[in-house]
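These are the structures in question, set out in turn.
In what comes next, chain A is part of two complexes: it sits with chain B in the first one and with chain C in the second one.
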Partner chain A sequence: MGRTAKAAAPRFRSGDRVRVRAAHPPGHVRTPYYCRGHVGVVERVCGAFANPEELAYNRPGLPAQPLYRVRFQAVELWPDYREDPADVVEIEIYQHWLEGAS
Partner chain B sequence: MRGIHDLGGLPAGPVERDEHEYAQWEKRVDALMMLLSHKDRQLVKVDELRRNIEGLGADAYDRMGYYERWMHAIVQTLIQRGVISIDELGRKMAEQAGRGGSDR
Partner chain C sequence: MNEPGELPREDSVGYYRRMQAAVEELLILRGVFSAADVDRQVEAMEGRSHERGARMVARAWVDPAYKARMLADGSAAAAELGLEVGPLRLIVVENTPEAHNVVVCTLCSCYPRMLLGIPPEWYKSRAYRSRAVREPRAVLAEFGTHLAAGVRIRVHDSTADMRYMVLPLRPKGTDRWSEERLAALVTRDALIGVAQLPDVIESRASR
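Our next item is the complex of A and B:
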């Protein structure tokens, strides 16, 4: 794991709106279930790391995937959220889980 | 489908912040994982450990304790990697079964 030279090019920048793919592959997946299918905003790019889904099967996980910290409004994740409507959740998500959102 | 381990965002009770003592066997499992995953050996990756833990059925996942899940996952990974054979493991388990002792 860790930063590596063989990295996929970043497709998103800070401030971009992104949607998490609503996928359900088997194995070890680090994209929490509750954010799949939801839209957030890239807060920062965290670097690129070997894909843990591949590492979980003892494969190289290259090219490394850019990792983004994505900020979600709590009310986007949970429509019945009753606390402060300004509350946000930040989740670190690999690039192959994200697509551009308008 | 949501994995049994993937609890984020679900209703839950308060977080218990108490420290507790670990049994000797639990410390040994921790040490085993440190040795196997050491960068000079890399016989187990943390992602492999997670895959094998997350692959437990819901009943087993809930029934097993934290280090029991680790032990299960370490064993599975070492078999999957060919580090140990199933026969070797079975014989050793049978040999140890009657051992008992104060450190279990």
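Our next item is the complex of A and C:
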């Protein structure tokens, strides 16, 4: 599904610095552990999608959550990263997992 | 349980296989779909291969306007070539001389099946899923792929509603090639990003 009338308003734009919440809720979650608590930059806004954490339990998942592609430096994710420090990892993250970062 | 050193039986039926069979039977009995519907879907799934994605890549190589549209909206670009993609939301990521793209799904095995077919076993392995984001060059090296010095890597973790396909660099030596001939050069692994396409050195005889 794409954008719907029942979508939360996007709080971030391309280029914004964001931090992934360092949360550990139970259940079906699509935010990988390895990026939680880390800071990245919004690469693009992908539209709004029903929340998969709700869909997994047969609930409607509304309001739809804006979905972002967030770009992290690999060295931000892995302090002991051994390859090129210019490498990046880009991850799709729903808005309710993100907070603004300075 | 198997004896130590004994291989698991190929015909062993585990919990999930049994559950799947039971649910399938019930759905057929309730008339939700028929056994023929299931066969048709399996056939369609097995009939799709990376040749679909390769067609898009070849078109992008010969048509810069198509390439721009493809990078802006991958799903629409697939539809433009008559490739049916269903609800797939495709993002195409472009390799350049400075940056190489690799696709992984660390959470499960999300993959643009409508354009690449069924994912290879290694794509679903825990080793690939955990290492591709942690040491991508070491993983690429195991595929025989060695990036030039100074090329940075963009790893795309396909965690949610988008699916990804890599637009590889066009091999050198293919300047006047037809779209069809170009498409035949494009491999599945290059579309996932674990391989690069070798340049073409034409012998005099084949000109």
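Assume the second predicted complex is superposed on the first by the 99 of 102 C-alpha atoms of A that agree within 3 Å, B and C clash if a C-alpha of one lies under 4 Å from a C-alpha of the other, contacts with A are read in each partner's own complex, and residues count from 1 in each chain.
Throughout what follows, contacts are C-beta pairs under 8 Å (C-beta built on N, C-alpha and C of every residue); 3 or more make two chains touch, one makes a residue touch a chain.
Please read these numbers as outputs of a predicted model, since none were measured by experiment.
Shared-chain residue A:Ala8: touches no atom of chain B or chain C. Contacts of A:Val45 after superposition on the shared chain: neither chain B nor chain C is touched. Look at A:Gly27: by the touch rule set out above, it reaches chain B but stays clear of chain C.
In the superposed model, A:Leu67 makes contact with chain C only, not with chain B. Once the two complexes are overlaid on the shared chain, A:Glu92 sits against chain C while remaining clear of chain B. After overlaying the two complexes on the shared chain, residue contacts for A:Tyr57 are found with chain B alone; chain C is out of touch. Set against each other, chain B and chain C touch different numbers of residues in chain A, with C touching more. Once the two complexes are laid over each other on the shared chain, residue contacts for A:Arg82 go to chain C alone; chain B is not touched. In the superposition on chain A, the residues of chain A touched by chain B in one structure and by chain C in the other are 1, 32, 34, 52, 77-78. Taken in their complex, chain A has these residues touching chain B: 1, 24, 27-29, 32-34, 52-53, 55-58, 77-78. Residue ranges on chain A touching chain C, taken from their complex, read 1, 30-32, 34, 46-47, 49, 52, 67, 69, 74, 77-78, 81-84, 86-94. By the touch criterion stated above, chain B contacts chain A in their complex at residues 1-3, 6, 8-10, 45-48, 50-51, 54-55, 80-81.
Interface residues of chain C, counted against chain A in their complex, comprise 87, 89, 91, 106-107, 133-138, 152-162.
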